Every structure is written in C-alpha cells, then in structure tokens.
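Each of the next two complexes has chain A plus one more chain, namely chain B in the first and chain C in the second.
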Partner chain A sequence: MIGDRIVLTLAATAVIVVAGWAYLRLGDRALAALPHGAYRRLAPWLFAGPAVAMVLLALAVPAVITVGWSLVDDGDGGSGGFAGFANYAQTLSDEVTRVALRNTVLWVVLLPSLAVLVGLVIAVLSERVRYGALIKAALFLPIAISAVAAGVIWSFMYDYQPPGAAQTGTLNAVVTALGGEPVAWIVDTATNNYALIGATLWTQAGFAMVIFDAALRSVPGELLEAARLDGASEWAAFRHVTLPFLMPTVVVVATTMTVVALKAFDIVYVMTNGNYGTDVLSTVMYRALFTAKDNGLAGAVATILMLTVVPIMIANVRQFRRETGAA
Partner chain B sequence: MAAGVVRVRAPRWRRIPVHVVVLGVAAIWAVPLVGLVVSAFRPSWAVLSSGWWESFALPGDYTLENYRRVLDRDGMALSLFNSLAVVVPATLLTVAAGAAAAYALAGMRFRLRSAVLLTIVALIIVPIQITLVPLLRAFSALDLTGSFLGIWLVHLGFGLPFAIYLLHNFFAAIPRELFEAAEMDGASRGQIFFSVVLPVARPALAALAIFDFVWTWNDLLVALIFLGGFRDVAPMTVAVSQLVASRGDGWEILTSAAVLSVLVPMAVFVALQRHFVRGLLAGVSKG
Partner chain C sequence: MATVTFDKATRIYPGTDKPAVDALDLAIEDGEFLVLVGPSGCGKSTSLRMLAGLEEVDGGAIRIGDRDVTHMPPKDRDIAMVFQNYALYPHMTVADNMGFALKIAGVSKDEIRRRVGDAAKLLDLTEYLDRKPKALSGGQRQRVAMGRAIVREPQVFLMDEPLSNLDAKLRVSTRTQIASLQRRLGITTVYVTHDQVEAMTMGDRVAVLNAGLLQQVDSPLGLYDKPSNVFVAGFIGSPAMNIATFDVKDGRATLGNADVAIPASIAAKVAEEGSDTVVLGFRPESLTPASSEETGGIPVLVDVVEELGSDAYVYGRPAGPAAEEQADRLRSDQIIARVEPRNAPQKGEKINFTVRQGSEHFFSVKTGERLEP
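Moving on to the complex of A and B:
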C-alpha cells in the first residue's frame, strides 16, 4: 500500500502541474481571441475564478448554511423543522457548554498574555547574552511540532503516579524531589486547564518571539543611544523607547494568539478529550456532531464559536482597507 | 537589536538575573524535547520503572525496538506516506490556485475586485468548525469521505485565504512598470504570469509552500473529520492520536510515534527556516 501512496503522490503532483499550466495557457489563448475589452474583463476571472469558487464552496457557503442549521430541530427525535433559537437555548443552558465558555475565557486571557510575555522577554534578553542564538532555537523548534505530538510530549511531562511509586513524569519528579506530593496535573480540575494552556504556550511562544525579534530591529538605535547617554537605565530605555515602538507588534501577537486560543482543539482532544472539565467550544462542537449527531446543536455551537472571532475579523478587514487605501 | 548600538555593559554580577531568566525559559522549552527523544529509545521496562533522565546513568540501555514496532505493527510507516499523499498535492494546489488568484487581485482591475479581496481577508481566521455540518453532508452525499481527493479539496479551500493574502501583499509590491513594459510588448496576461510574476515571486512562493506544508502536515481536525478515521488512509497526526486514545501502550511507544510524526516537518523547517520565517512575518505583519 505504501507503493500506492507514492504513486498517488507523484501522479497527483504531475497532474496538478500540467493541468494548472494547460488551464491558464489555453484559457488565456482562448480569451485573447475575444475583443480587447472583453479580454480585459474576463482575464481576471480566468486567474481568480478557481480560487474564488473553492473559497465560496468550502468556506463562505457552508458558513451560511451552518447558521441556517443552527435554527433546525435535528438530532434524536428531532422534527427537522424550524426550531427558532431552541438550539442556542439548549446549548447555553447546558453545563458542558458553560464550562467550555468559562475555559475559553481562561484560554483567551492567559495564552495571549503569556505568549507576549515570554516572546518579548526572550527576544529582548537573548540579545544580551552570547548564547542568544541557542536560546532562540530552543523556543523556535516547537513551532514545527504538531499539537498532537505536543499533546503526547506534555502528557508525558505531566504524567502522574501515586505517591510512593517512581515518578516517571518530569514535573512530578521535580515536585517530589522538592519534598512535595505528586499532582495529577491533567485530571485535577485545579490545574488541568492551566496544564493544557501551558502545553499550547510551548508550541506558540517561538512564533511570538520571532515576530518580536523582527520588530526589535526597527527600533531606532540613535534614540536608545541618546536615552543611555542621558543616563537612563537599561530598564528605563526599554520602558520609554523600545516598548512604545513595539506596541503595534504586541497587538498583532496578542490577536493572533487570541485566535489560536478560540480555535483550540487538537491539544485538548489528545490530552483530555474534554474530560475533567477541560472542554472548549471546539470539543463540544465535535461531540455534538459525532456523538449526538445533532446538526442543529452542532450548528449552534459552531455559530457561537464563529461569533467570538467576528470582532477580530472586522478589525483585520479595517486594517487592510486602511493599508491598501482604496480596496 | 539595531546594528551599531553602543551598549554599556552592566557589571557582571548585575547581569546574573538575565542569565537566570534566559536559561530557565530555555530549559523549560528544551527539556520536554529531550525527554521525548530519550524515552523513544528506551525499552518498556525501563520507561515504567525510572525517569528518562535516569537513563543517562545506565548507558547502553537504549533500543530501536520501539520504532520497529510502531512502524510495523502500528502501521506508522503507511501513515507517513499517507501524510505525504495528503500534504504534497494539497500544498501544491493551494500555492498554484493562490498564486493565480493573487496575480489577478494585485495586478488587474476588475469589478468585484475589492469585494473579493475583503472577503478573503475576513475569511483568513474563520474557525473551520463553521463549515463542518454542510461539508460533511456533502461529503457523504458525494461519497468523498475517506478519499484523498476530498481532503485535498478541503485543505485547498481552507488554505486559500491565507495563501492569497500572503501572495497578494507580495505581488502588490512588484513595481507596476514590470507588468506594463511586458504589456507594451504585447504579452498576454498568461504570458506575464508565467514569465514575469512567477520568477520574480519565487521567494514568496517558497515561503508559502513551506508554511502550508508544515501547517497541513500538522493538521488533526480536518483529517479526523474528512478522512473518517479509516486506518488505511490515516495520516501521522490521526495515527498518533489513535494510539493515544487506545491507552494500551506505554510511553516508549507513544514517544517514538510522536518522534516519527515530527521528523518530516522538523527537517523541512530546520532546512528552510529562512523562508519559513519570511512567510510567517509576511503573514502577520499586516494582519
């Protein structure tokens, strides 16, 4: 079967390259036979058409249909008819969704602030030590690691054995070596959400650091120098010169991390599957879809999730309009 | 920091806190990776009875047995090629369709141009959960669940907004005279695209391709839903998550599966870091 996969990969690659090239070349030639005005009107759609069609089919249209489904009485014993806001009422009054919403708030507060903190501190301080490149590499590598693998890695780090047994989980080995009692990090409701957010932070902090690292290069050196000549401490120079320059970057990193937090799924799915009070909106939606098989309910949860990112979407569109002028 | 800054170095002892913070954070980030790799080479009895750090005291106690087992019995070898069969065509489709669309949006004037562009920008961060109910129904009606064609198309649709956005920003920065000169020479749009735009945009295309490759390789949700959990088509992420869910295996098995699943994206990432970072910065600097 491995052979089949290799053949499939190579054949698909060849077909995509040849078909893509032929489509644009022949389409362009066919349109060029038309009057010039018609060519100028139609050529953009030759190029943008396939992508626009895919985005409409895979994203825009299904999004609208899902909002429609959220108003349908589906699932076990459902009539299939119009349900008004009953699905929203049902999911919002459900304890599971409430826990998920509470956890989502926790994610949205903690992940962006911690990512900004770690990313900024390491970007700034690693410039001040000789082994800075090594430090950056340590934060940078996990970017390439999937949330699934990160879930395995951190489940292992958080592993728990009853007191007295050999603690093979790194964190509990440290805790017991310091004289403490081992903690069931992933099961204990006092720690488990923080444990999941910490694992996500581990995969994302390098991203924040790279962005801050690039932004730091745009801070004018003369200003820092002037501040130092005036006798400002390193901290004062950072606080009054560097930080104001970095504020737009802080906003960019925080928004990106907010979106990551709102969409969190993989790590929760792998590490707890939403058990022990660690559900987030994505895991609730996944279960409504596959366990309850209730499209109305799943549609309502998905719509709630969607609504949480709408403010950021609007901000992005505004920002884009401002930057590109007329668009 | 900016080059040429005269930095007044504080006395040695005052810099100790800086070293402590930097080394502490780096340790928190590096230790899990070291633990993962070491455990993946330890026999199961050792993993059960002692921590991975203790294995340094018992040299020679490492084995390749875990890898033989996950590759063979757990079908991780097939999953590796499933991942490639999902990711390579999906990435290629996204880059190709994205480049053509970005060229139209950045280099031509037409009706609905700004409407399309703004919709694309809005859709970059849309949670894909909002599409799952109707797409799943369409997939079962068309019998696409579990097929590679189906997941290529879904990845294409989901990946395009970011791809178009990134390439549009890059194409918009290409001097207009370059297009206009070619047009004066009587070149058609298609000729300009293949002989001017694509060669000039090679760095941006590379950045997008690498970004998209790693992104698609690491995806779990899309594969879980649209490949339907069938074992013979499961990519690495799904296979590893199934191993975790079965709960029957020791850490030595889970860690070696995880090591295998990160090898390819890690290699691509480390080898082509420069491009990756450029893609990352281009993707957020204006978003």
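Moving on to the complex of A and C:
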C-alpha cells in the first residue's frame, strides 16, 4: 500500500518536472520561431506564466467570486438573486458586526504597536546582556506553536476560579498571591479583548524581534561611535542614529502585524469563539458562512475585511520595493 | 585646545597575550599635527581609538591637557574624529550631520546654523547643505566629515586614515587642504595613516609604530635623515632604503663584490659589541654610478628602470660571482638607485654604484639600533 503511494508520488513528481521542462523548452522554441522582437516581448510571459496562473487561480478568481457573492441574496429564505448592497447594509447595521469592527480596530491599533515595542526593546536589550541569546530563543519559540495550541495554552494562563478557590490559571495565581482579587480575563469585557491580543502578541513578538535583531546588526558600528564622539548619550545615539536606521524595518513589522491583526481568527475562535464581545470581522464572517450558511452575508464581511487590508498591503509592498531598489 | 599625553598607555585585546599597543609614551604639543604611521596591525588605529575612548586602556594613562581621560566615556572627551569611511549619518542632511554634535550639546538653532554655515563656506560645501550623504561624491563626503569635526571646535581632532577612500589625485590635493586647514585652526591633531608619504608631507612630527611599540618620534626630515633603527629606516622613504648585512674588515664593509669604506668609529663600535658584521643602509639617491678608477662600489644588474621625468629609478639585483650570498643578506627585495633621467642605463646592463660618503646609515646587527659614527 505504502509502496504504491511512494511510486505514485515519484511518478507525479516526474510528470510535473517533465511537463514543466517541456513547457519551457517547447514554449521557448515556439517563441524563437516568431519574428524578431516578439521573443523579447513574449519571453517574460512564458516564464512568469505558471506563477501568474497560480496567483490568478488561487487568489484573484476567488476574490472576484467572493465580491460577486456579496451581492447575492443568499441564506435562509434567500432568493438567490441580485441583492445590490443589501448584504452590506444588513451586516453594517448589525450590532454584532459593529462590535466586531470596533474590536478589529482595537486589534489593528494595539497588536502592531505592541509587537514593534516588545520586539525592538528585546532585540536592543538582549544585545547588551550576557544571556541575550537565551532570551531571544525564548521569545522566538512561540512562533513554532500553532495558533490553536497557543489559544489553548493561554486559556490555561487566563483561567479563572471564584475568589477563595485555588487559582489554576497562572495569571490569577500570581494576582492572588500578590493579594489581589482574581480576574475573569477572557470573560470580563474590560479585559478580554486585551487578553486575546496579548496571547496573539506572544505568538508574534518573536517574529518582530528577529526582524529587528537582523536590522540592528546592519547599523554600522562606526555611526554609533561617531555619535558618541559627537557627545551623544546611549539613549541619544539610539534615538538619533539607530532608530532612524530602523524606520524601514519598523514599517515592515508594523504593516505585517496589521495584517495579522486584520486576519485574527484562530486565537479568538479557540479562546472565546467571539463571545463576551470579543468578535472580530473574521469570526463574524465564519459564522455567516458556516452557521447561517449565508454566502452573500459572508461575502460582504469578507469584502469589507479585504478592503481594509488592501491599502496596508500596498504600503508594505511599496516599502519593500523602496528597500530592495535602494540597495 | 590642548596637549595630548600618552603615559605608558597599553591595550591588550581580550584573548591575546601580546599587547596591541605596548606602553606607548607620547607627548603631543598644543596645536601640533602629529601623524601615527606604521604597517597594518602596528597599533596605530588602536592608539587613536584609545585616545577617542572607543577602545579600553588596560594600563597607563591618557591625558588631554590636564584632564585624565583614561576611563572617561567618549562623549565627555571633547574630541572630534574623522573616520576612514566618514561615518556620516545617512538619514541626515549635510547640515544636520555637521550640526549634530551642537544639537546634542543644546546649542541654539541660530548658533548652529551660523557655525555650520561658516564651516560649509570654509570647505566649499554651502550648496550641498540640504543634500543627504548618499547624493555626494567621495571627496564631498570626506569634506562633510571634516566639517562635522570643525564645527565642534573640539580640543583635539582625530583622523583615522581619512584619505584612503579617495582616488590618488584627490588624495594629494586633500592632503594639502587638511594640513593647511589644521594650521589655520591651530587645533591639536592626531592623524593615523599607513602611507608614509602622507605622514611625511602632513605631520609636524611623525610617530612610527611597529608591532605595538613606538619606534621613533621626530620631524619628517629627522626620521628620514636619522632613522633610529632598521625598521624606521626601511619604512620611511619612497622608494625604500637599500639595507643589507655587510662584513666588517679593515675599515671596509664588504658583501661579495660590494665594497664600501666605513668610518673608523663605526668599525670600533661593531668590534665593541663583539660582532664582525654591520647592517648598512643607503638611500636610492645616495648611490652614484662609479667612474672606473674608483675602488670598491656595489655592482648592480639592472632589472627595471622607472622613468618619472624628474627622476629615474634603477631597480636591480646584486651582480658578480657572490651574487647569491648578497641577495640573501639584502633586507630589501632589490637594490634601488636614483639616476639621471636623461642618461638612464638600459635593463640588463651592469653598473657599479658607489655610496656617497657620509650618507650611509649604520645599524647594529644585534639590536637593530642606529650606530652613529
């Protein structure tokens, strides 16, 4: 049985390789036979073709279909016909969506700024202590943990027992040990959104730290020496020399984290399932799609989400271009 | 403005036994232009960085004026440094680069603008003040680095090979500009270079270092005329001095067919240290083609002739039956002689050179130290 599978895998790989080779080779031949000049114009399309096809198939086409669905009257009692912007009107007038929008904004504001702050501070400070590598490794490890597992871990961290009972949650154990009252972190609406963002931060800060760590290494030592000779204190040298040097990196990390915040789903789904006012746009979309089975409504929420991500992605790509172009 | 004193200053890099800078004693006068020169790895840059506070001092002390700065952080030393790669802040304009130290010091904006403007005028940078370093040529960047130092009006200027990234022609003109600027400002300057021509042309005095040890401090001509040991003799001067170990016998120094008369006092000193050989050095310009009736001389087989217009240099190797032994005992790669450019020999020719009387340099075989006649 397993032998069959191996043979099948090898055969499939061989077919893909041969087909790919044949595509390029024959395509190249065919283009070469064309009149002069055509080759130069068409060759890039030949080589980029498969990748363009993949992007179109896996990204662009579904996006268009999603936008299309958002205009359809679907779901329970839906006519299946054109609905205009009714789905948008419906979801935007819904209190649940409005809470989710508000929370998504909270995520988008807090997660990038905290990730930049924590990542940068740890990257800078760990350069200056003896066990810096150990600290960096500890902060980096959560990257390897799936979001669902992280959600479970932090559910334990945030666990709540009534006052007087033994606190099984790490955080409440600490709070009560210090003489405080236990807090229902993920139920209490005053804390639960921050608790979820905190858990996500734990999975993402390591990424930010690694990026900043690499960027810090690219700051020429001579520049810092020059700043010190110019009379700058350590803080002034950091603020006037290191930080401006890191600005492109800050932008990259912040936009990446913004996208993570906009896409936030798994941690919320695992820890609260959007209850207690912790919904974000993607959990609303998920329920519209799989619980209410309303493709139109889900499409509308997805489109709203997509429209908020696009400008940030454009900013990110521009920054990336500027960086690679300047080098 | 101030004096700078290295008092047995020592730097031992962690993990090494041999000091990078070994008990450096050096007193630099107020307003002086002192050049630290030596081959790479000799400790000259380390010495400069110790003075800047960028390198720790493991022993001894460093003083600027009366202040002991041995363990003072760089920011409190009132020193400006020009780095080899200029170390301009890439995100700041030329004006901001030059005014950065003043801004940190809390000088008012008007005062900064005035002083930056003055320095820019002095360095011909006025039209570039709003540019970023990236948009400047190498020479302009070098001038901005100079400007950043000048604006400070520090007690001491430090320059770490500031010309090594410029092309040959610009290097020569900038060299003169820096020297004249320093003279005009009168600020004590320590300048590091590996290029002995730079050292000779710029410094009031030149300190030669080798393997972490100070070899000699003197005026450029002093170093050239009276090198205190074999290392300085071989390092200073371009083309380099011819140096070889000669046998001493009957008031003459001989090496194979080469034969040079030596003063009786030198012969006596060689005998005194119980040796029968001496290191003899003579500069290319001290050699003259011998007329046939002279006795002695140094037979040379011409390999290459360099025609420079004003001068011509003959590069050759020892000729004669004992040529191999001679080549072994020659410290330099070849024998170099300056000759009349309009009357230069052809390659392959054999010439007998004599050393102009009184222009020889003698060094002890045992210690390498100079022997004075």
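In this text, the second predicted complex is superposed on the first by the 261 of 327 C-alpha atoms of A that agree within 3 Å, B and C clash if a C-alpha of one lies under 4 Å from a C-alpha of the other, contacts with A are read in each partner's own complex, and residues count from 1 in each chain.
Definition applied: a residue touches a chain if its C-beta (ideal position, glycine included) is under 8 Å from a C-beta of that chain, and two chains touch if they have at least 3 such contacts.
Here the structure is a predicted model, which means the values were calculated and not measured.
Enquirer: By the touch definition at the top of the document, which applies to A:147: first (chain B), second (chain C), both, or neither?
Expert: A:147 sits against chain B, while chain C stays out of touch.
Enquirer: Contacts for A:62 in the overlay, against chain B (first) and chain C (second): which applies, first, second, both or neither?
Expert: first
Enquirer: Does the superposition put A:244 against chain B (first), chain C (second), both, or neither?
Expert: A:244: touches chain C, not chain B.
Enquirer: Quick one: classify A:220 as touching chain B (first), chain C (second), both or neither.
Expert: both
Enquirer: Scan A:309 for contacts with chain B and chain C and give back first, second, both or neither.
Expert: first
Enquirer: Is A:192 touching the first partner chain B, the second partner chain C, both, or neither of them?
Expert: Neither partner.
Enquirer: Spot which of chain B and chain C makes contact with more residues of chain A, would you?
Expert: Counting contacted residues of chain A, the larger count belongs to B.
Enquirer: For A:228, is the partner it touches chain B (first), chain C (second), both, or none of the two (neither)?
Expert: Both chain B and chain C are touched by A:228.
Enquirer: Does the superposition put A:289 against chain B (first), chain C (second), both, or neither?
Expert: A:289 contacts chain B only, not chain C.
Enquirer: Following superposition on chain A, which residues of chain A contact chain B and also contact chain C?
Expert: The answer is residues 220, 225, 228 of chain A.
Enquirer: Please give the residue numbers of chain C that touch chain A in the complex, ascending.
Expert: 52-54, 73-77, 79-81, 83, 85, 87, 89-92, 100-101, 104-105, 148, 152
Enquirer: In the complex, go through chain A and note every residue touching chain C.
Expert: Chain A reaches chain C through residues 220, 222-223, 225-233, 236, 240-241, 244-245, 247.
Enquirer: Can you name the residues of chain B that touch chain A in the complex?
Expert: Going by the criterion above, the answer is residues 1-6, 8, 10, 15, 18-19, 21-23, 25-26, 28-33, 35-36, 39, 47-53, 77-78, 81-82, 84-85, 88-89, 92-93, 96-98, 100-101, 103-105, 108, 110-111, 113-114, 116-137, 148, 152-154, 156-158, 160-161, 164, 172, 188-191, 193-194, 214, 217-221, 224, 232, 236-237, 240-241, 244-245, 251, 254-255, 257-258, 261-262, 265-266, 268-270, 277, 280-281, 284-287.
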